[in-house]
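Note that the chains take the letters A, B, C and D in the order they are written out, and that residue 1 is the start of every chain.
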Amino acid sequence: MTTAPDRGEQERELQQLEEQLAQLQAAGSDVPDLETRLQALRERVQALREALWRQPTPWQVVQAARHPQRPKLGDYLQRLFTDVVELHGDRLFGDDPAMFCGLARLDGQAVVVVGHHKGKDTRENVHRRWGMPNPEGYRKAARVLRLADKLGLPAVTLVDTPAAYPGVEAEERGQAEAIARSILTLAQLRSPVVVAITGEGGSGGALAIGVGDRVLMMQYAIYSVIPPEGCAAILWRDAARKEEAASALKLTAQDLLELGVVDEVVPEPLGGAHLDPERAAQFLREALVRHLREVQALPPEERLQRRYDKYRRMGRFTAHPEDLLAGGR
Amino acid sequence: MTTAPDRGEQERELQQLEEQLAQLQAAGSDVPDLETRLQALRERVQALREALWRQPTPWQVVQAARHPQRPKLGDYLQRLFTDVVELHGDRLFGDDPAMFCGLARLDGQAVVVVGHHKGKDTRENVHRRWGMPNPEGYRKAARVLRLADKLGLPAVTLVDTPAAYPGVEAEERGQAEAIARSILTLAQLRSPVVVAITGEGGSGGALAIGVGDRVLMMQYAIYSVIPPEGCAAILWRDAARKEEAASALKLTAQDLLELGVVDEVVPEPLGGAHLDPERAAQFLREALVRHLREVQALPPEERLQRRYDKYRRMGRFTAHPEDLLAGGR
Amino acid sequence: MLNWLRRPKYESVERRDIPAGLWAKCPRCGQLVYRKELERNLKVCPKCGYHHRLSGPERLRLLVDEGTFEEWDAELASVDPLGFPEYADRYRHAVQRTGRREAVLTGRGRIEGVEAAVAVLDFAFLGGSMGSVVGEKVARTFERAVELRLPVVTCSASGGARMQEGVLSLMQLAKTVAAVGRLHTAGLPFVSVLCDPTTGGVTASFAMLGDVHVAEPGALIGFAGARVIEQTIRQKLPEGFQTAEFLLRRGLVDLIVPRSELKSTLARLLRLMGAGGEVAVDHRA
Amino acid sequence: MLNWLRRPKYESVERRDIPAGLWAKCPRCGQLVYRKELERNLKVCPKCGYHHRLSGPERLRLLVDEGTFEEWDAELASVDPLGFPEYADRYRHAVQRTGRREAVLTGRGRIEGVEAAVAVLDFAFLGGSMGSVVGEKVARTFERAVELRLPVVTCSASGGARMQEGVLSLMQLAKTVAAVGRLHTAGLPFVSVLCDPTTGGVTASFAMLGDVHVAEPGALIGFAGARVIEQTIRQKLPEGFQTAEFLLRRGLVDLIVPRSELKSTLARLLRLMGAGGEVAVDHRA
């Protein structure tokens, strides 16, 4: 990671230039040579961005995935779907605002949509627990997914959560059971299921709605068994070594494509979806529609068998003594 | 009801004689002519009991069904079943002590047992809410009934509840949904289901576990859409007219046999099961085993169709204008 | 069911719901509203949004496209199977007052063009209580929907099981639930609309087994009656207990829809669920 | 998973669990117990009933009839698929210390004569964590049980998913759950025994999907780690939080069984559930 110091400088410079650009635009027509100066700044910003994002570090990707302006479920609901009707409640205990469930149309076709519901601002995030569901969230998801099955509707799930909510009440009401049951529901759903990891794929809390015939992952999304900070704290008793941990965990879309965990990486605008949400949504819509069409074409029994086999193959191990920890890839 | 005053006198006399009998037995061998006097008392008690119970009034039956010494689920578990293993919890929210669920053997055969759990004394009754389940009780029942289905085990349910618990938390957690879902589970269960109403069959709280291929009802059990007291309060704004209401509601086993709601009346010792719990249990065991054997012999599809048809036929109405309220039976 | 003690309260509210004369007094905000304006506003108070109760026929007119409704089983009537005190008189009175024979209207019709089987409970007929006829008509509605491959919409408004038919009323819970089960197995949509009030045996049977539960704002929805619960817990009930909004928070209702949007929401839901000509891929074996 | 911050605590308890020398100090009551007596008592403290942790082989000896165990897939081992820092060393150390290649023992054997497929997690091997090998062996156990028409008993003791295999570990949740689903569809019994501690990804997958959940007294069972929860709620956790007894009250565990009765209880359960030669009527289509 010899380029790391450069990167830091580049990042700081990029930030300064972006601020200058904003100031200049705000100042407006009084500034002499406005257009020329704007043009120069824009070019410099673009060059820096390209340099920084040609081969982003895993930690850069983590930051993009967690970027406060990164498009959330609400943005994708608006941009990808029409005719959205939210369905509330698990029919057992409550309605979890951290989990969205509903009916909608994708490319004109009726589907069931399930996704982690992060908020746009702090107030909404407090209400939605930053997209960290309680058991009733996962049970609502399972309830609505069973409805998809009953009606023969395909399901689309959008994954973006730091984790399942770690709370006393969540444990009391069986967070583990709710996650396991949701995974089982998806594993056995006769309907086609396409998953898109759009932001943070936080461990079991993400996987609970992340099992499908196809799993797509946006270019700067992450998917990890543990947050890099937690990993660093265990490994080196030093949460500050999160950047190293982010590298070690292989949590980027490219890593997971190579490990066979995701089926396709959905491109994003350079530097992250938040820089051009509309284009990011177009890329995602195209991929979702294409994969849904493919898996819908399969007979249900074959689709279920393929889904089973897909997860059945995941993992790497050896049966030969001499390979013991011979190293992966 | 011209015999009602006589009955009151007879009941008081019977109670006095029973007390004398108990005192005499306690006094023991010091009493002269003990055996002769005991014998005379016993004969008089028996004669009175026969007079009172040859044609009991509905209200008498209500009192027998609610008798504090009437055998409860615990007695039947001991006397009818072997190898009992209780299974706890709905896997969602809690474990309701007002609902028993478990695995056991009946006549050597493994079955799933579900039943309202009334206590033997006040302390236990407070714990078990007098056998009035919360939603988690019905959800536990549905969970264990689905297990019966998965494993191909028959289900036996024992009904004895004043009602589903009328509480704020019960409503919050969907008492109505839990009851409806439990009824649906039983209506669609592929396993054979035999129901026995052993004490109080209190409306929806009873029906929730009271749908089966066969519904047996003990001779002095009751089954009603509303308690007689409540019925009297609505009809005559006078809860004291509960005896009339008990007659009007047709809540005895014999009434319900005639209405086609129950399939067989299981005899009890004269005066009620509490006077000879062992014999009462023998009658019940015999009937359960016999009916279970009959419905187990059917192919599952036929059994399901017959169960559907059985409930489908319940109710009386007319399609001819001239019959409008022509009176039943 | 257990909520009998609340019945008189319903009736008094009921009377206030349909005041005589040119002006109506809103039972929630107490303001006087010009009757014609109230009718134009679908019986929703223009001052406070209170949703007045609708009769069965009013509900049908609200939801079903004009001229498309074909009624089923209108001739079915009770026979007073238990010879229950005062039932015959009350029943005849209800028949006279409503001009209908029972507390439910069933049939097929179009909702913004989407063909559906419909069952509408009528609270004005013996409190919308479910006896043999209501159970039979509701069960037939679900069975015919399976035969005809139609979705089902039920609109509930009921005090519960009909006491005067005893356990036969209770058995209608089992009968209707079993019929709902067949619709679910057939993969057909079921939207349950919960109107004010839906309680007791109707809530504890078909009304709570919808694929989607839609409630009207402020509707009372519950199992046990408020009085019975208060007697049990010996406390006042919390504000807003057993309202549609309470059930939404408790995860028992999918959405609350104002009356003006009810019809279009139902049509959109039914279409999304594969009804109305849009054929979903049937992937069952 | 998220309960990493609790790991050091486990390890220190672990060390105290297997004290050297003739005498052992009970980590709960603090009393000294003669080691041989502790062994005779199935490692349950005779003074306070504390259930000391058992290794995988100890657990197998406790539950499976002597001479009936046929191990499956003992040769499977990790390949350090991510080249994760320190993993190779830790793994080799675990292999040396335990003489086994992974954190799970699987195979078939008899439990009081009842034939069953068995998977026992070994907390002594990298905290019983589930990576590719554990997931694979557990999935194969369920698949073989379906082939052989055997019931499954799993004994869990795990800190969760194995961090060092990254998302591949997380995918073992999906893999094992899918395999459990096939057993359920086949109508075969699954008893999940929850031992101290069962947390994180193992709880959130196969361990919480048993037909019957049996826990050992006092066992720690949960999803998120205590530290993480404390940081979130900024409060001390309630007494007894995430214990077997807590889960029983919360409806997540069917029964708590002391170690001395565990084997006979499992045998009785399996027989009642139709295993061990007793043929239930198979009524599926």
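Basically, contacts are C-beta pairs under 8 Å (C-beta built on N, C-alpha and C of every residue); 3 or more make two chains touch, one makes a residue touch a chain.
Keep in mind it's a predicted model, so treat the numbers as computed, not measured.
Shared contact partners of chain B and chain C, listed by label: A.
Here A-C and A-D are compared, and the pair linked by more C-beta contacts is A-D. The chain with its C-alpha centre at the largest distance from the centre of chain A is B. In whole angstrom, the spacing between the mean C-alpha positions of chain A and chain B is 55. Averaged C-alpha coordinates put the centre of chain C at 50 Å from the centre of chain D.
Annotation: 42 Å between the Cα-based centres of chain A and chain C.
Per-chain CA centroids place chain A at a distance of 31 Å from chain D. Those residues of chain B in touch with two or more other chains are numbered 91-93, 173-174, 177.
Chain C has residues 250-252 in contact with two or more other chains. Arrangement of the chains shown, judged by which pairs touch: an irregular graph that fits none of the line, ring, star or complete shapes. Which chains touch which is summed up as A-B, A-C, A-D, B-C, B-D. Every residue of chain C that touches chain A in the complex is listed here, in rising order: 184, 187, 189, 211-213, 248-255, 265, 268-269, 271-274, 278, 280-284. Of all the residues in chain A, the ones that touch chain B in their complex are 91-93, 135, 139, 173-174, 177.
Looking at the complex, you find that chain C touches chain B at residues 1-2, 4-5, 7, 73, 75-88, 91-92, 95, 101, 131-133, 135-136, 139, 161, 163, 165-175, 177-182, 185, 200-201, 203-209, 222-225, 228-229, 232-233, 237-238, 241-242, 246, 250-252. Remark: chain A residues 83, 85-95, 103-105, 110, 136, 140, 147, 150-153, 190-191, 296, 300 touch chain C in the complex.
If you check the complex, the residues on chain B that touch chain C are 163-168, 170-177, 179-181, 183-184, 187-188, 203-204, 207-208, 211, 223-226, 230-231, 233-235, 244, 248-251, 256, 259, 261, 307-308, 311-312, 314-321, 323-329.
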